[in-house]
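Both of the next two complexes hold subunit A, though its partner changes from subunit B to subunit C.
For the complex of A and B:
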């Protein structure tokens, strides 16, 4: 390969890229918080006695799990745009990833809910708790214990998915900043290598802090 | 005699098999194929016809170059941001891809003398009220990430501030889609692309919004930076294209409006 690496160029751009990494993390965290919320709703919906709720939840989960994330984000931007709903790049990316997260997590949560014995609910009710109270205080905490590690997985996946924002014009996240630097100077390999290392470190950081959190939260 | 011939053949084979110090130009001639990176969502420079064949100014330019070299041309579709990776990874030999010859990029890639020059215009949608470049202030703009016009526009958008936004897209097609849908109010594109897209009428309501006050965007062919032999050949080829009238013929065929742009800059040598 006739190419000389010029790392100094990439290191000079490191501050810009780290600011981009912050935006990346922001999208990932927001999409995860929203995703968990919708996933709980979907998991409940899919075990609902009403057919409409079951149908809606099943459609969401099927679409989210069986179509590419790229397609989902593209639809949130250009798809909604074609029917007159204009989301800006950041909310479109957030919506796309949240949709994806919720779909995957809903299935995880459904499994998690199954793992909580139904007697727990009945025991809680017999102690005088209302149905919502019992679900919130007794069932949900036990479910989260079961699904915590799969959730970390999804969080890492969400971070990596943010890189797709570049196709809907997002230019201030890590991939957007990297691509901007790349096309200005054509130093593709250096910038992408640095970006890869940053992604790796963020993902690693998330997994490690999740381990620590799990240790604190789920000790008996 | 037959034996002598065998020895000669063996010698030739050894020569051919030697880890030759052949440069890229030799490689192209020996392989019999010239692989050109061409951007195919950038009419009239590069696009696809109804039966999906690559057509356009850049496609014809690559075919001419292959003919001059006595080899077969192969068009490799390459989006704007992928031009250098395609070159460096050896996927293509030459970029015939409307590449603006900035000094920043010339640190990485090898540029020839200009083979074409663009003027920039504002492209907008009717009903938004953009008449000239200055009325872009406070509007949502966008362009193909990293192109000459994107760099110039983004700089001005930053200077204007006050609610003016810029979005960089990955392909020209996405920019037009975003403009047609109203995700952005205006873009700045080469006058040739603007004319082609307005004429084509695929995106409804697009219209010209006046000239953009940028320098002329000279574009060059690109090759690997150290392939001086190839770049030398390409320079002469560009010169010959103009000299033989082929440049003008291609201009009339694909763009047609007015005169083919002058590729020399008065008062300075290349």
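For the complex of A and C:
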């Protein structure tokens, strides 16, 4: 057991790793924006009067929540590849994580919607508001509060999931950069420890700013 | 100017809760509706402003058929205020915002106008000091008075009250009844579904006794509450007084 830690090597690589962290954030943010969009579609689909929509939405949600995220990303890269749809590493990773986010968020939104009592809608309509107006002004803001923290969790989860991009050949995100540095130097412990700290700080930053935002947004 | 209810039937699935009710409420009148739980009186109220569809019959508000296909319910509801048993405050808005919202978004009033209306209505129900407070910080009675102010802010021609004191602690009932007394003294047309028999007797021009989806007796309070003719009315009044 002779291993001499050489932290300097890792610290020297810090600028490269931080650039990688930016790519990581990019994937995470995009996957959340797209994920929220698809989650709304899924949440609406699951209460659709058409069986096909309900079935499709249920299948998506079930698969996203009950299979490993790694497989979902694999499917986007190799799976789609084998049926002729060739995605690059970045879009494949993005598609995989978006798929996963949408599945979880759809359930979050469905629950959030149920948490707002139907009497709120009724009270709003009784004042002469139309259905869309009542939803936007009365139901949505209350629902947003309910889904806010679960959404924050999913954002953190999305950031951590981006590290799976390395298995579909992504080499410019934080994990990709770290892995490259690792194979060149075999300073595994140092590089991955520093990368872990960066992931930790990003995740912390997200939860802290969410808490701050919640404090500003939800005064009631 | 009146609310005309003509042979209205209303079912939930196989259960018929309103079985042919006919009555007219003239402008300026206060009509109380009393009767046991499940007698269909609250349901009828929901039918008047179209929150619930009906199965047959007609309801005319100032001559407009509420349940006709072409009726703009959003527009009709502007002149029918309703206050619910569960006051249904909007929890994410302050007391002032709760009352300002509909005048702004439905009537298209400016912010200043809506605020002036809201402040006036809230002061009227005794909540002038609570403008910036969120509903969760109010008592049940205060929330219910806020709900009354919220409905009044639309300057309705009619006010419907659906057992508005039933969910309140006994010591908070008085303040809400006082607010309603004030409204009736100002000439507001009101249909009041209530279990407060003494209140009904005091403020109403007429009292309707509901039993199993039908009106069994209707008339001045001195008659329906003071000297009921029907055995069902006698039995009901005995059970609540």
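Simple rule for what comes next: the second predicted complex is superposed on the first by the 206 of 220 C-alpha atoms of A that agree within 3 Å, B and C clash if a C-alpha of one lies under 4 Å from a C-alpha of the other, contacts with A are read in each partner's own complex, and residues count from 1 in each chain.
Going forward, a contact is a pair of C-beta atoms (placed from the backbone, for glycine too) under 8 Å apart; a residue touches a chain by one contact, two chains touch by 3 or more.
Please read these numbers as outputs of a predicted model, since none were measured by experiment.
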item: Subunit B versus subunit C as contact partner of A:153, first or second or both or neither; value: neither
item: Touching partner for A:182 - first (subunit B), second (subunit C), both, neither; value: first
item: Subunit B versus subunit C as contact partner of A:207, first or second or both or neither; value: neither
item: Partner chain(s) touched by A:120 [first = subunit B, second = subunit C, both, neither]; value: second
item: Residue contacts on subunit A - larger count, subunit B or subunit C; value: B
item: First (subunit B), second (subunit C), both or neither touched by A:128; value: second
item: Subunit B versus subunit C as contact partner of A:141, first or second or both or neither; value: second
item: Partner chain in contact with A:86 - subunit B first, subunit C second, else both or neither; value: first
item: Overlap of subunit C and subunit B interfaces on subunit A (superposed complexes); value: none
item: Partner subunit B, residues of subunit A touching it in the complex; value: 1-3, 6, 77-78, 81-82, 86, 88-89, 166-167, 169-171, 176, 179-180, 182-189
item: List of subunit A residues in touch with subunit C within their complex; value: 119-120, 122-130, 133, 137-138, 141-142, 145, 218-220
item: Residue numbers on subunit B that touch subunit A, as the complex places them; value: 80-81, 83-85, 88-90, 102, 104-105, 107-109, 142, 145-147, 151, 166-170, 174, 177-178, 181-183, 224-227
item: Contacting residues of subunit C [partner subunit A, same complex]; value: 49, 51, 74-75, 77-78, 81-82, 84, 86, 88, 90-93, 101-102, 105-107, 134-136, 147, 150-151, 154
